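In what comes next, chain A is part of two complexes: it sits with chain B in the first one and with chain C in the second one.
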Partner chain A sequence: MYPLWFLLPGAAIFIVLFIVPTFASFYYAFTRWTLFDVEFIGFDNFVTFFTDPQLSKGFTNTLIFGALTAGLKVVLGLLIGVLLTSEIWARGYLRAVVFFPVLVSTVGVGITFQALLDPFDGVINQTLAVFGIDGPGWLTDPNLALYSIIGVDVWRGVGLAALIYMAGLVAIPQEYYEAAKVDGASGWHRFWNITLPLVRPATTTVVILSLIGGLREFQLIWVMTGGGPGFASDVLASVIYKQYAYGFFGLSTAGNVVLFVVVSAIILPLFWWLNRKQTEL
Partner chain B sequence: MSRTVTRHVTGVVAILVSAAVFLVPFAFIVMQSFKTGPDSASLEFNWPIDFVLWQNIVSVFQTRDYMLITAFVNSTILTVLSVTIMVVLSAMIGWVLARRSSRWNPLITFFILAGLIVPPAIVPTAWVMQSLGIFNTIFGLALIEVAYGMSFCVLLFRAFVSNIPRELDEAAAIDGAGPLRLFFRIGFPLLRSVIVTAIVVQSVAVFNDFANPLYFLPGEENATVQLTLFNFQSQFQTTWNLLFTDILLITIPPLVMYIFFNRQIVAGMTSGAIKG
Partner chain C sequence: MSATTRRSLMLAAASAAAVSVLLTGCAGGGGDNDPDGPVELTWFQGSGVETNIATAEALAEAFNAKNPDIVIKVDASGPSDSAQLDNLMKTRLATGEMPDMFWYNSGSLLQALNPDQTMLDIAAEDFVSNLDDAWISAVSTEDGVFGVPVQTAGGGGIFYSIPIYDELGLDVPKTWDEFLANSDAIRDAGYTGVELTFGDAWTAQIITLADFYNVWASDNDWAAQYTANEVNFADDPVAVQGFTKLQDIYDGGYLNEDFASALLNDGLEAVTTGAAGHYPMLGFAQATIATNWPENLDDVGFFGIPGDNAEEAGMTVWMPPALYAPANTEHPGAVKEFMAFVASPAGCDAVTEALGATGQYLVEGCTVPDEAPRIVADWAPYFESGHVAPALEFLSPVKGPNLMQINVEVGSGVRDGQSGAELYDADAAKQAQQLGLPGW
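Our next item is the complex of A and B:
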């Protein structure tokens, strides 16, 4: 009744366009690869990657970007989720508004915030000026650019995190809270001892999804700063694109392999650890 | 008494903060798209001096020989083609995976998770596409979107299929339905709600995708809507009013989808996301 050949058409596309290129990348990462020929050069690409400060910057930035965006989405997503499942005014409006950014394309979001964050004319710094604060060059200051993009990414993705938390929160039986209230537990205690442990599946989902997205993020960074100023906000994904555009195919593919290793080394143990904790409960 | 006061205060604060954080950027997009070029150049959040939305829309469409129209056609073909293939094939996979226990299942699950986690290798993918003769074609890009989006869809379908009682299949089989008929006549209609979710989520994702067209569709004649945004940004000057009009125009299709399927997306996403 359920024939295995149902899997074949999908598998064919997936294998040809995803699995084969992934395996091929393990070979091409070790080559100097141009449009015309391929030359095996061993670990040279990887050495370049980790010794060239411009490229290794992308490596550390990737880790910062992934960790901060995921962390902020968990904390803010949970707070918004709790707020929007409580009996608050205008709940429908708030839910819609928080989820809205998910609909606008990343390019659209990036361009909009480029304008809002403009150091001189941007709405954000003009507003700060009203309060007598001299706003910084959010995207032009090398020490700040990456963190500004992180802020925008959280703005864009927190609606989805909140949505996942909301689903987890409404699934918690109200009896637990009532029992705790009878026992005289404060609001904080109820949150810490009931809500937090019981929304754990949602937390797992949010952490994993935002980490995968954050470590691989390219579009927002490319649109907002192109990795600049200089190389201050370059991440692995933008380095891969730049090397691809310059025609350094071997180096670009080596970047892919590094990204592959980084993502797997972080996600797989975390996945295993989070799921193990969950079954213990 | 004090509890209700706190509640009202929280409500008001939440509304004000959400307006400042989430509504201002959207109001800004709309406001800019109403302005004339010089008026928009200041990037200020003020009321437009002249309302020229219609002229802006016309000039956005005329830019580069009506490139936006070509792009809308391209994006529509791309989205419809890729989402159709993706949803039908993933539903078939999810159906069989949930119903049939086979020794292949752990391996298939492994590949599905790999599809979610592993970043695609760009240059080797372009190389494979080139040898297949589908590089730089809408069809090729559609297959790429299928390959990248399928993992998510399969997880969604598999979780959903396991909730459908098997008795229905058995009854159909006794009545003499073959596997294809069983799936398309019985399974597919039962999966309707999760199919809608998959279609909406993936359509928005493919329509809004920028990275893959950038990599695999070089050339103006193949531009998708996201790439048209770069028409209004040059190294020296940005025509902000037209840029924001363009953003507004290309946000309409996802917005319409969202308004129609609002409840469905939320329900489907959460059931799939938590179980996945």
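Our next item is the complex of A and C:
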């Protein structure tokens, strides 16, 4: 057993760099803070934040973004994972191709897709035009902008989900499949009754990681649309950033506290639930 | 102002500044007669707008040529993104790290820098009396005057294509109805009636902001009442037009097909080369036309956003940015000497030499050269007849930060003008509360 004071250097760094700023932000969330002056104003920032016309939009957009990106990454990640662990041609090359977008900077991805999705000069709509299809304004149509960004985010993040699934899939002992084959189970039955239950730890990891990432997503949205057109693709993180950019530091900090609470309120129970199901298996 | 508590950081910064003054042996104060060689002053600004950097360098060079005792160095290493630059400026001022002088906006954005605490007050200097009164009010608080103008004032309104107007036999509109009729004719002739460029979302605000002259003409005291929360956009039949006019443009079907993704330069190109009849824009953009399409410079004219009364047709004026100094500069004497130069005809001439005729100078005795571009020349009658008002942001500290997003929605037909005005009033209220203004 090591003495407890071995912990001190690490604890000191943790307290100074993480605990203190966290509690300081809880304090500043209750102030009007201009960098020059701090004035305690109670719950006013939270009232403003929750009565803000953008917030209801930003709030629902955050939930849509988190749920859809996490869901699509689970489904597509598992499919790609199964495909790339089976005996297919050029498997190593395809694995690299699927994982590649994870390595590229989010800002770079955003700028690239902003150009590709341009309604008039973009490659995607010009390609559609060759087939006589009049492509929509992917990022300029208020009803479509958020979903276009979701598509790009899934494209960017599915490689990581597939990688986690591949690790989970190769860990499943081949004997189970052989036994099932002997019993006459079809491919679909083997997938449904062996693969799916046994990759549950991987699923838990992918869901939790994607959901936390999705609920906090900012870079891609900011680069591609800036939360626009209008407020159509605003999420909590972009609303918070805008308040900060306008110099409303107290209000922005209150938004961060709200985001922290929202992410915790969704992730913690989900994490507990997913892990509980896992131990019951 | 409501009671506020000074942040301890300010105290720390102030004592650090005091110590550094002691250590450097009280270099502050004199400046002009320094026995140890010339005083070096640093002028800090963002790297975003090239003509701004050229202006600063022209002023520094002209001053350095005449004043060997004081050397001005321009440091344009700040971020090009305006939100980042704003926050860097605030942090540097709050911590006492701002160089001797800096370039920043005049008007409502100045208030967020807390000038009473952070900036050098020049109210008592002689050169301030040479400055235009409207200008002084755009760089002042109740307790002081803080900046001198570094460029010219110019109009915001509608750029129009003179070849299209000539071809269709149109006259410059004096009322909003005439403007819509002209736009109808231009659209029916196969051109874009009104070019909009929401790819650069800030350009969506021009109709609303430049319509302020008409609000001002209906009530000269409107801005003060607005600051006191006694009037607002949604309930005022004149002010609400800043939003409903944008809706009229969408409803009239005048827009360019790619308005949702087009950028500022696309808009300027369209109106300059005769693809679009009208483009709502601020005066500073004429410098871009002069640079990119010099042969078409006289094909673009200007008029203010028309109102209801043809007799009162006027123009909203944008004040130039200003040169300020932080309160803790080590060389206040030298800084004021340079500011006196900037606020003199010699300073104006240095800017004219670098940029040409760009608008109206706000310093007494400054002259604009005769051969001005067509847009600049079109401003002159408004100034001469007195049918001009500063934009609201130079009369009131209240400016809602989400105006551009709201205007994108109104201009795209997602939201009507009335509800856009209501949403903007709520947005402005939020900003006024953050500033701690009384009555909100």
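General remarks:
Note that in this section the second predicted complex is superposed on the first by the 270 of 281 C-alpha atoms of A that agree within 3 Å, B and C clash if a C-alpha of one lies under 4 Å from a C-alpha of the other, contacts with A are read in each partner's own complex, and residues count from 1 in each chain.
By our rule, contacts are C-beta pairs under 8 Å (C-beta built on N, C-alpha and C of every residue); 3 or more make two chains touch, one makes a residue touch a chain.
Worth saying up front: this structure is predicted, and the values here are computed from it rather than measured.
Annotation for chain A, partner touching more residues between chain B and chain C: B.
Touch criterion met: A:N256 reaches chain B, while chain C stays clear of it. Shared-chain residue A:D118: touches chain B and chain C both. Of the two partner chains, chain B is the only one touched by A:Y28; chain C is not. Of the two partner chains, neither chain B nor chain C is touched by A:F191.
Once chain A of one complex is fitted onto chain A of the other, the partner contacts of A:D37 are limited to chain C, with no touch recorded for chain B. Residues 118, 244 of chain A contact both chain B in one complex and chain C in the other. Chain contact summary for the complex, chain A toward chain B: residues 1-4, 6-7, 9-11, 13-14, 16-22, 24-25, 28, 33, 83, 87-90, 93-94, 96-98, 100-108, 111-113, 115-116, 118, 121-123, 126, 155, 163-164, 166-168, 171, 201-202, 205, 209, 212, 215-216, 218-219, 222-223, 237, 240-241, 244, 249, 252-253, 256-257, 259-260, 263-264, 267-268. Listing the residues of chain C that touch chain A in their complex gives 2-7, 10, 83, 86-87, 90-91, 93-94, 112, 114, 117-118, 198, 201, 257-258, 260-261, 401-402, 405-406, 408-409, 412, 414-415, 423, 426-427, 430-431, 433-434, 436.
By the touch criterion given at the top, residues 32, 34-39, 44, 48, 52-54, 118-120, 137, 139-142, 226-232, 242, 244-248, 250-251 of chain A touch chain C in their complex.
On the chain B side of its complex with chain A, the touching residues are 7-8, 10-12, 14-15, 18-19, 21-26, 28-29, 32, 42-45, 85, 89-90, 92-93, 95-97, 99-100, 102, 104, 108, 111, 115-125, 127-129, 132, 143-144, 146-148, 150, 154, 169, 173, 179, 182-183, 204, 207-208, 210-211, 214-215, 226, 229, 233, 240, 243-244, 247, 250-251, 254-255, 258, 262, 266, 269-271, 273-274, 276.
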